[in-house]
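Down below are the structures I want you to see.
There are two complexes below, and they share chain A, which is joined by chain B in the first and by chain C in the second.
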Partner chain A sequence: MPALEDVAKKIRESAKRLLAEGRAEVVVGYRRGTIPLTTAPFFARTAEECDQLVWSNFARINLANYLPGRKKVALVAKGCDARSAVGQVVENQIPRDELYVIGVPCTGMVDNALVAAKEPRPIREVVETTDDSFTLKGEGYSVEVRKEEVLRRNCRTCAHRTPKLADELAAPEVPGATPDDFADIKALASKTPAERLAHFKDLIKDCLRCYACRNACPLCYCPICFVDETRPQWLGKSNDPMDTLTFHLLRGLHCSGRCTSCGACETVCPVNIKVREFNRILELTVQKEWQYEPGLSWDQKPPLTMFQTDDAAEFIK
Partner chain B sequence: MPEYIAKKSALTDFFKALSAGRRLLTPQGAGDQCRLAETAPDQVKLDYVNTHMSPKTLFFPQTEKLMAFHKDASKPDANIYSCAGDKAVPTVVFGLRPCDARGLSVANKVFQNDRFTDPYWKGKFDQTVSVGLACAAPAPQCFCAAMGGSPYGLTGLDILAFRLEGGDLGLKAGSEAGEALLKDLKLESADLAAVFNSQQAAAIQAQGVAPDYRPIDEANLMALFQDPHWLSTAENCLNCGVCTFFCPTCHCFDIQDEQDEKGGVRMRNWDTCMSWLFTVHGTGHNPRPSKTERVRQRFMHKLKYIPLKQDGVRGCTGCGRCVAMCPVNIDIRAVALKMCQSSAPSQA
Partner chain C sequence: MSDFEPKIVAFFCNWCTYGAADLAGVSRLEYPPNFRVVRLPCTGRLNPKFIMEAFKRGADGVWVSGCHPGDCHYIAGNYHARRKFILLHQLLESIGVEPDRLRFSWISSAEANKFQAIARDVVEHVKACGPNLAFRKEELKLGLAEVA
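Up next, the complex of A and B:
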């Protein structure tokens, strides 16, 4: 396993080179967070600023989210994020030649909720040197945690950990994990509509309508989201369960065949809603109907953004 | 005023007496499940960090019906709005953290002042006895002292409890009502000033050296407003509503009407200045068109506008929720330091 500092060094070197060559005007990466267990998205425009770039087990935010509309940008990207960036190019949100991807083969990012469950005492400091473990420190204790035990759910089933379409890699390639078997989704599909409605209502019962899931999502780049439309207003704004559920269902449908399971939505949710459940249902459908996985080709469009006269369309009844 | 002692062996009796004629709400559950919930007097916990959401939800819920009407034409009040606010219940909240009590007192001045009284807030707020529990061991995200508060602060509290060696609770009145209540409870009185002061000093010290944010108070408003740092400060902001919804002093709401075939309601829902929709005009013009203006608004409101309106009291109480919850680690302490550096006089 590579030392995190070695990866960071490579990222910084590439960032400086790209800025010096004029290939990029800004490098979007991560800097250290101001509190333990976090990093922050960071925009480096000078060689000096590049020195703040880090690599970490807590680099969870999908930075492709910052791409639409930018020019001459270099992106530090995990496997999932690079696939999102490819998606942005395929969906015409950024021209390919304005984008340079510094790919980082990734062994998964940490779910802070799992860390808190393992170590409920206040955490004052995190020491991380490699990508397979880290040390938590607090009042009178120091505990080593193996990353494998606290990985985010999406990272545990990530088959595309190495960003193969990246312009360069900042670390050696890593093998993918065993893909999602969708067992829970298949079990859910066998339930009655009433049971499924109850399940989804329970899933979103704590939702605050803060829209962090939407705003952290690199697929949600609409200038005006349907929930923010006022003429007409499509959706109620209260915590009424059907209005809240409608938001999640429609967002899920908008993302179908485009989601790369980066997990940003679940990472940012302040009330720990398993937002990806909506996306995974559609991911399964798209894989089955069109044998398509997003972000693996620079020119293949997501099936639900195209129309072909020879579409089987057997799912329309 | 003397302090009082609730003995460890009689804590259940203390909570029983405290909640006589009132429902008792206390923090229950751990971590992000920790919330104020109705509690039996023998089930009160003292070992939580803080509630996940701020206690403003008690008086200012995410969604609140203000008025309602029905469409039953056989009745004389068909299609006429009547008041539909949440019913206020006499309540005692035990376990508020001093940062949150201070936050409630800031929000209270927004909802009840010499210009307006919000009946929905007032009904619930005025029927609530606020009892705090001092923070002997501040959490890593805490910075109440830097914002002018104290982990043993009394602002916004009727009573503040603090833990004594051996498991007894020390009790100090923060208001006249609190003092009267403590007298009624027939507790042992004692002079605990020395213990209180030394515990408070240790707790403040445990938060580390507090940065001095006073340059913001002294700075020219327009100089703060026009400082170029807002561009970079806002660059990674997602413009979600997490910071505002978790903030104990954020109080903005949106009023909405909804109706169906049976009737209708007018309600208010939490709104957030981080949203594009928050300021867009009917004409389509938006005075805060990008996230730079929106992020600036939030921090200027917390650290400059509220102090200007509330005699220097800051709109941030250092509870640390936005710091802990921000998906992209926009840390109000770092922003405040940037604001401290932009105190040059304005050219405008």
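Up next, the complex of A and C:
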């Protein structure tokens, strides 16, 4: 159970060393958030700035999002983020030698919605010292929460918690969790089309189309996203349910074979939509059809950039 | 429902199915007139958003057809397309698009008879699904209510 402060120290040391050696010009990591239960992305460019870097049970955002187009950058990355970073290199968003990965073996990050369900009173402060529990403090109360009980869904089924391809690790390796069995996705097959549609329409009924999920996703680096195209305009600007559904379907497709289940999209959604449901349908298909998982090697080819002449597609007659 | 005539948006590759439709025409092979054809240079050009757009604008069915694997005019366009279709097909079916509303086929420019047979089959299946009410945009539904 490494103390968070020990991990942070290690991150700061590495960050300072990389800046001093000129290996990196900027270190992208986390600093304390301005409100409880959060961290914020932080770009450290000097030794003094490195002292603001932290490690936390709330380091949910995927910082690989900031890599495309950058030079000489060191990245603080959990298992999933490091895989996204590998994806960025594989997709030529950043050359391998411009990137240095400070990997942090991770035991999962906290889902704030679950915390709020457990503790409805206003939370003024969070005290965290280790990676297995933290203390919530508010007006006249203080309660301890075990992290295991409030983990994000994606973290509960994360098989790649240790960033194996990182250039160095800031904490001891940790074992992976049991991978997602996709039971709910497989169960869709026994429902009628109308039931499935009702399920998915209900899932996204509160979507504001703020596109925070897209903005937080490291895969969404297109200079012009299809949602912003105007000639022709593929998505109306109102909140028509079909436009919203189309957004989620196309977003899912664009991420297919690339998503590392980092959960950044779900984390930033202001209305707690389980955005990844669409990704998971496709993740299952990608694994089944092409036995592919993204971000596990520097030279893998994403499944949609290649083909086999005998790819099975019985439905095309 | 018997007098329901579906509108079906058909995306045909220029080098094969589009030719097959022509050949069926000049060979006087009769097929139903329910299609609005969009000619593609290759199935590799088919962006999934085209299909969503068709449904959103009220198409009752969508049919995508291109060259047989190995016969693509651009050598590999349809191999790439096939991977996209596998994902798209799985996704749309999983979220509740009736399987019969969306059809994929490979038809070469010589296969006028196959074209005729599949065209009939597609119309029959889309008819059985009934009008597309679930996947059209709200404003179109409003339009429908006004004329009804």
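The rule is short, and it goes like this: the second predicted complex is superposed on the first by the 306 of 317 C-alpha atoms of A that agree within 3 Å, B and C clash if a C-alpha of one lies under 4 Å from a C-alpha of the other, contacts with A are read in each partner's own complex, and residues count from 1 in each chain.
Please note the rule applied: a contact is a pair of C-beta atoms (placed from the backbone, for glycine too) under 8 Å apart; a residue touches a chain by one contact, two chains touch by 3 or more.
From a predicted model like this one, the values you see are computed outputs, not experimental measurements.
In the superposition on chain A, contact of A:Thr39 is made with chain B only, not with chain C.
Residue contacts after overlaying the shared chain place A:Ala3 against neither chain B nor chain C.
Legend: residue contacts after superposition of the two complexes on their common chain; A:Ala113 is shown touching chain B, with no touch to chain C. In the overlay built on the shared chain, the residue A:Val174 is in contact with neither chain B nor chain C.
Applying the stated contact rule after C-alpha superposition, one finds that A:Thr230 touches chain B and leaves chain C untouched. Across the two superposed structures, the residue set of chain A contacted by chain B and also by chain C is 236, 240.
Interface of chain C with chain A (complex): residues 48-49, 52-53, 55-56, 69-70, 76, 79-80, 82-99, 104-106, 118, 134-139.
Chain B meets chain A in the complex at residues 30-32, 49, 52, 62-63, 137, 139-141, 232, 235-236, 238-242, 245-246, 254, 256, 258, 267, 269-270, 272, 275-277, 280, 323-325, 327-331, 333-334.
The touching residues of chain A, counted against chain C in their complex, run 185, 188, 193-200, 226, 234, 236, 240-243, 245-246, 249-250, 252-253, 256, 278, 281-282, 285-286, 289, 303-304, 307-309, 311, 313, 315-317.
Of all residues in chain A, only 33-36, 38-43, 61, 65-66, 113, 116-117, 120, 122-124, 139, 208-212, 214-216, 224, 228, 230, 236-240, 267-268, 270-272 touch chain B in the complex they form.
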